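Dropping a structure here in structure tokens format, bear with me for questions.
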Amino acid sequence: MTQGSKGLAEAKEIYQDRPRRVKELKAEGKKIIGYPCIYVPIEMMTALDLVPYRIYGDIREPVTEADRGLQTAFCPIMRSAFDLGLKGKYDFLDGMVAAHSCDPQEKCMRVWMSLIKYPYTHFLDVPGTLHEGSLEYFKGQLIALKKTLEAFTGKIITQTGLREAIEAHNLQRALVRELYDLRKPDPPLISGAETLQVIKALTSIPVEEGNDLLRQVISEVKERKNGPQKKPARLLVWGNTMDDIAHTETIEGAEANIVMDDHCGGSRAYRTDVEIAEDLVDGLADNYLVKLVPPRTFRVAVLGETRKDWAADLESRFGYIGEYIKGWDVNGVIMQLVRYCDPHGFEQPAIKDYFDSLGIPSIYLEHDYSEGALAPLRTRVQGFLEVIGQKA
Amino acid sequence: MYPLRAKVDETYARSVEAMKAGKPTVWAMVNWWEGDVILKAMDLETVYPENYSTVCASAGTAESYLNRADADGFPTHLCGYSRNTFGYTSRMIKELGAEIPPEAPMGGMPKPVLLLSSDSVCDARYKWFQALGHYMDIPVWTLELPVPGVQELFMDGVKEQCISFMVEHLREFVAFLERLLGRKIDWDKLDETMKLVEQLSRVWHEVNELRKARPCPMHGRDFWSAMPASLFLAGDLSDTLECYQAMYDEVKSRVDNGMGAIADEKYRVVFAELPPWHSLGFFDRLAERGWNIVIESWNYHPPIPIDLTGIADPLERIARFTFQWSTGYYERALKDGEYLGYMAYPYLVFARDYKCDGAFLHPLITCRSASTHLHYTRELLMRKTSVPSIIIEGDIVDLRLFDPEDALRKAEVFEETMEHYREVRKKEGLDW
Amino acid sequence: MYFAGVDIGSTMTKIVIMDGADNICSRIIGPTGPEHRRLANKVLIEALEQANLSFAEIDYVVATGYGRVNVPFADRQITELTCHARGVASLFPNVRTAIDIGGQDAKGLKIKDGKLLDFVMNDKCAAGTGRFLEVLAETLGLELEELGGISLESTKKIPISSTCTIFAQQEVIARISEGLPLEDIVAGVHAALAGRVARMVQRLRVEPDVVLTGGVAKNIGVVKAMKENLGHGILVPADPLLTGAMGAAILGKELVSKAMAAGELIERKERYLEEVTFFK
Amino acid sequence: MAWFMGIDIGSVTGKGVITKNGDVAAYHVVSSGINYGRAAEKVREELLAKAKLSPEDVAYTIASGYGARNVYFASEKSADMVCSARGVNHVFPLARTIIDVGGQSTQVTRIDERGRVVNFVVSEKCASGSGRFLQVIANVLRMDLEDIGPLSLKSENPVTFTTGCAVFGESEAITRVCEGVSREDILAGVHGSLADKVSALVSRIGFEEQCALIGGGGLDVGLIKSIEEKLQIHLLVPAQPQIIVALGAALLAQERQQAAVP
């Protein structure tokens, strides 16, 4: 075992018991702020020495309380998270910042904040389009968030403080991208499951600790001999939020390596950096509204176009995935959705059109947010791999 | 009251004529006046796929469209209205070379020059028009309606930021329309149109205020038949205004003469979401049991009136008007510590102001955004005013889902529940 | 040379043994019932006896189907999707769309030149599978085999609106109590099943030739209803249960001959003619 | 002194009760089969025979349950929640919550001290939350419904049932059998998932001690145990849990008849 070999093991540990670290920090007097998705600018929390802690569901926990506030036919991820909230599993939080990233989350978090009162809550509106006024409005929303965070902590977010926070999170983004680059070789140096554990760990601890963890993992992964095996299929997983290794094992249990992903439990939050602009909030607004890629934002090839071109439209919406496919030498795409997701659901069949245009085989898998819902997918995945094999 | 319903049907016929006459038509999402007033002022014939899907469902053509959308690869869990429209468009474009399908009810929806979506209320309503690009290269414009948090709206400057964002956005939209149509907007006409909308909405609001009377003079069924004229701005607006005024007089005289909408008002009930259109007769059977629907679905009501006089810019009046629709209840919500200030909270206000005995909540299975908040509404009404709710599932396109027999069986039991909570509210010192 | 295809479904085991010239030496449909599923080895012994072969004489064994995972006497596992496609194509070279309605699932396969291009699958809801018919036959007190004939008598099929099998069952009971004609109810049941499967398969853009396999393919009523739903003629193999096993045997043969042509050594597992287990 | 009859035709069994002065004079249970009308008649004949009465002796009859409309001889119909409320209140005056695990659906009803419905909730249009699920699994395991409860209690490590669907619960059970999982662990798993459904229903309308369990589910000690563990309560279970709705119907019959006669 090399010196850095604690990395993956530690990531796994945190993954298995996420609240452990923040509870320690809370005991030391730190304040923990929950946030449900990647649209929340956690830099502002870091700048105030608050610890951002991402809220997930738990595919192993039966949902028994959520009906109090949500119907059954509803994003099962949010339903599960909300259920955990009602069961007191998130009681250690000192506050919650929600964002209007998608409709289910907006509605769910408004209900959540109404039923469970935390010392601090804030709701951040996110415009649906990228028109001229959108950025300015969103900036106004960020400034409002800044104000309530300051009021809650009784501290001021200084330029230096925010700059340092942004730099720390940009460093984290860079390190994550470095980690993902280690999946370009064949076989990849790190598996999809391991990557998922690392990402989930990062959303459970302060940014600096996360960056140390990343450095350890990267050096360990580079040196270790017992990495993933070479397998015929190199897959990209596109989807909403895959947050449990049960998701990846369904695929990597077969003759495939997941070498790249594009979903909200994976690379998406780390794809782009926050620009250090003169007004730092401008940089944040630009990254969180414009640069983030989830389909919840309405994108067209040309703003205000009076003549539409579907192909250009697809390129403008999915072009970055095309880059992934080239860069990571992907030979198949799994479009994996935890069901009842409108923003991603409506991308079908458009995104399939796009993959077809690249000549990349793709398969759409839709399942409930439970471990057992994944087992039946195995035959589908293996069948898909056989289809790829025939093409090869 | 029915002339108002007829106005909507007219618009489909008119849009078809318009297309035949080479005039441009628009497919629009219900946008709560934000875009409609402008379309109206620019003489654009507009149809509403959401509304048209209801028509298809009642006419029995929906199923074949749904199957077609399914076959084209759209996930079946998506909004039923959207899948109906995908199927319709697929048939029109892929099979009939942009000709209106012969089986299409009410003359059908002609191929549009513009898809006007709106990001208010749910994601489906803009993702869906974006996805129509799969069939036709039609420009899409998405209207922005900001939805700040309840606490956050009342922070310094936030509300004005929302308004100026909307105004700037609408100015861009007008410029876009002018580019698209190659003609300028008539600002005076826009101003006039908006004035009419303000007036008829105010009258329509007053009509519904009258329903607070005991017994309630107007049943939900009459609301449903009259609502579309104000929501879709169908027909000639000054006619519409007169219709609503006539309606006001009729309802007022009923109040003055103590006339109720039903024979014997035993239960004052608030109804949520779209009704089961195909079996509205069901409400008569409830009426026989003394159920009066005294108020319903806040989102199909006009905004609580605000004073817009003295605001010269019609775009700003539109912005404030629509924004008031979605945030008009926020102030009271904040006082109650409730953060779902628009979808669920208004029902609490209804239950209190209309002194309701119970809530009839009607989730629409394939319309999640219309149903998401209903379970919470149940919780909210019970927690804050001890008003019980009955939840009976239905759907917007699969009409079989709503089972009147079963619903009636539950309604009968629910009467004991309503009786019980009447006592509870008395003990709590509430006056109904 | 001899090749065996072993298709272990959710309720029965199907085995085909072929020689190098694709002649079928034996075909066996094994004991039904979940408890017996582990005894696929017994079915193979039976098949070997029928073909007068010893296990050692089988050059390659491919296992497929629901229970393919831990088959101690198989050289290789291939999904039922690929195997069905291959098996159907061997019988109908022009097949473009294959539909297999099994006891616990339903599949749609898009095929070109014998190769699987794309597929859809339902194993989430029983209402789209053969189980739907089993449950309702039971309810009506009929044998599964009787359904098809009876439904042809129908003059006016009664729509079954319930999407869930259990509630379809309640609905059927209600219809019977109303004294509606049996044949019309059965026809309604067939239409309901066919409608669900057709919608799923249409995602593949159905092209002829269309082949229907699985136990349900023996039901003339369902075949008729599928035809009405898809607007294409439906081809049904003589032995609609065996296409998966056939495909498995053929794929086995192709693997071996491909390896031999390339002068490679075909990879074989240690094979034991023992009970199948289902532990991971 | 008049006699009153309550008939409850469920999707699986038909039950009937004759009362006199609010006491059970006779009760009977048959299988509903596929003809509810006939099932109702059969129940009635048996009841009259047991109570040694002729049809005229019965002053008023109320029918309830899924097949209520097929009970042609009933004076009127009433919803099962109302009947179960009356019935439970009669047997357990202190009960304020009723869990009714029936053949086709599961219902939670809250009642007041007079046996009137305070609030209620019915499981969604799916059999997964109903006793039907137990029946299906019992068939797979080739067991009688009566025997599954005691066996389930023996379970060391229950399997988790992942599918909501009763039919796929069946195929899941089949798979487990093949995997060699013990029957008690499978049964305990089914009981666990049913208990989850029940507590999800309870979460919607709240809960008040004491709580009664009725319907066919009340015959299943395994289900009783898992619900008690899930909700952390003690359940009141009548000796004949499946006839409570019929009993309530008979009591309601008396109520209605006395209301009718001035």
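Just so it is clear, A, B, C and D label the chains in written order, and each chain counts residues from 1 on its own.
Criterion: a residue touches a chain if its C-beta (ideal position, glycine included) is under 8 Å from a C-beta of that chain, and two chains touch if they have at least 3 such contacts.
These numbers were taken from a predicted model, which means no experiment stands behind them.
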Quiz prompt | Chain hops separating chain B from chain A, counting only touching neighbours | solution = 1
Quiz item: Counting only C-alpha atoms to place each centre, which chain is farthest from chain D?
Solution: A
Practice problem: Specify the chain pair with the maximum number of C-beta contact pairs. | Solution: A-B
Quiz item: From the C-alpha centre of chain C to that of chain D, how far is it in Å?
Solution: 39
Quiz item: How many Å are there between the centre of chain B and the centre of chain C, using C-alpha atoms for each centre?
Solution: 48
Quiz item: In chain C, which residues are in touch with two or more of the other chains?
Solution: 123-124
Quiz item: Got the chain B residues that touch at least 2 other chains?
Solution: 72-73, 375
Quiz item: Which parts of chain A, given as residue numbers and ranges, touch two or more other chains?
Solution: 67-68
Exercise. Draw the chains as points, connect those that touch, then say whether the picture is a line, ring, star, complete or other.
Key: complete
Exercise. Provide the residue numbers of chain A that touch chain D in the complex, in ascending order.
Key: 62-68, 72, 370-373, 375
Self-check item: Contact footprint of chain A on chain D as seen in their complex
Solution: 124, 160-163, 172, 193, 196, 199-201, 203-204, 230
Practice problem: Provide the residue numbers of chain B that touch chain D in the complex, in ascending order. | Solution: 375, 378, 388, 391, 393, 401, 409-410, 412-414, 416-417, 419-421
Quiz item: Where on chain A is chain B touching in the complex?
Solution: 67-71, 73-74, 98, 100, 102-104, 106-108, 110-111, 113-115, 117, 121-125, 127-129, 131-134, 136-137, 140-141, 144, 147-148, 295-296, 298, 300, 304-310, 313, 337, 339-340, 342-343, 345-350, 352-353, 364, 366
Quiz item: Touching chain C in the complex: which residues of chain D?
Solution: 11, 34-37, 66-67, 70, 104, 125-127, 132, 140, 165-168, 171, 174-175, 177-180
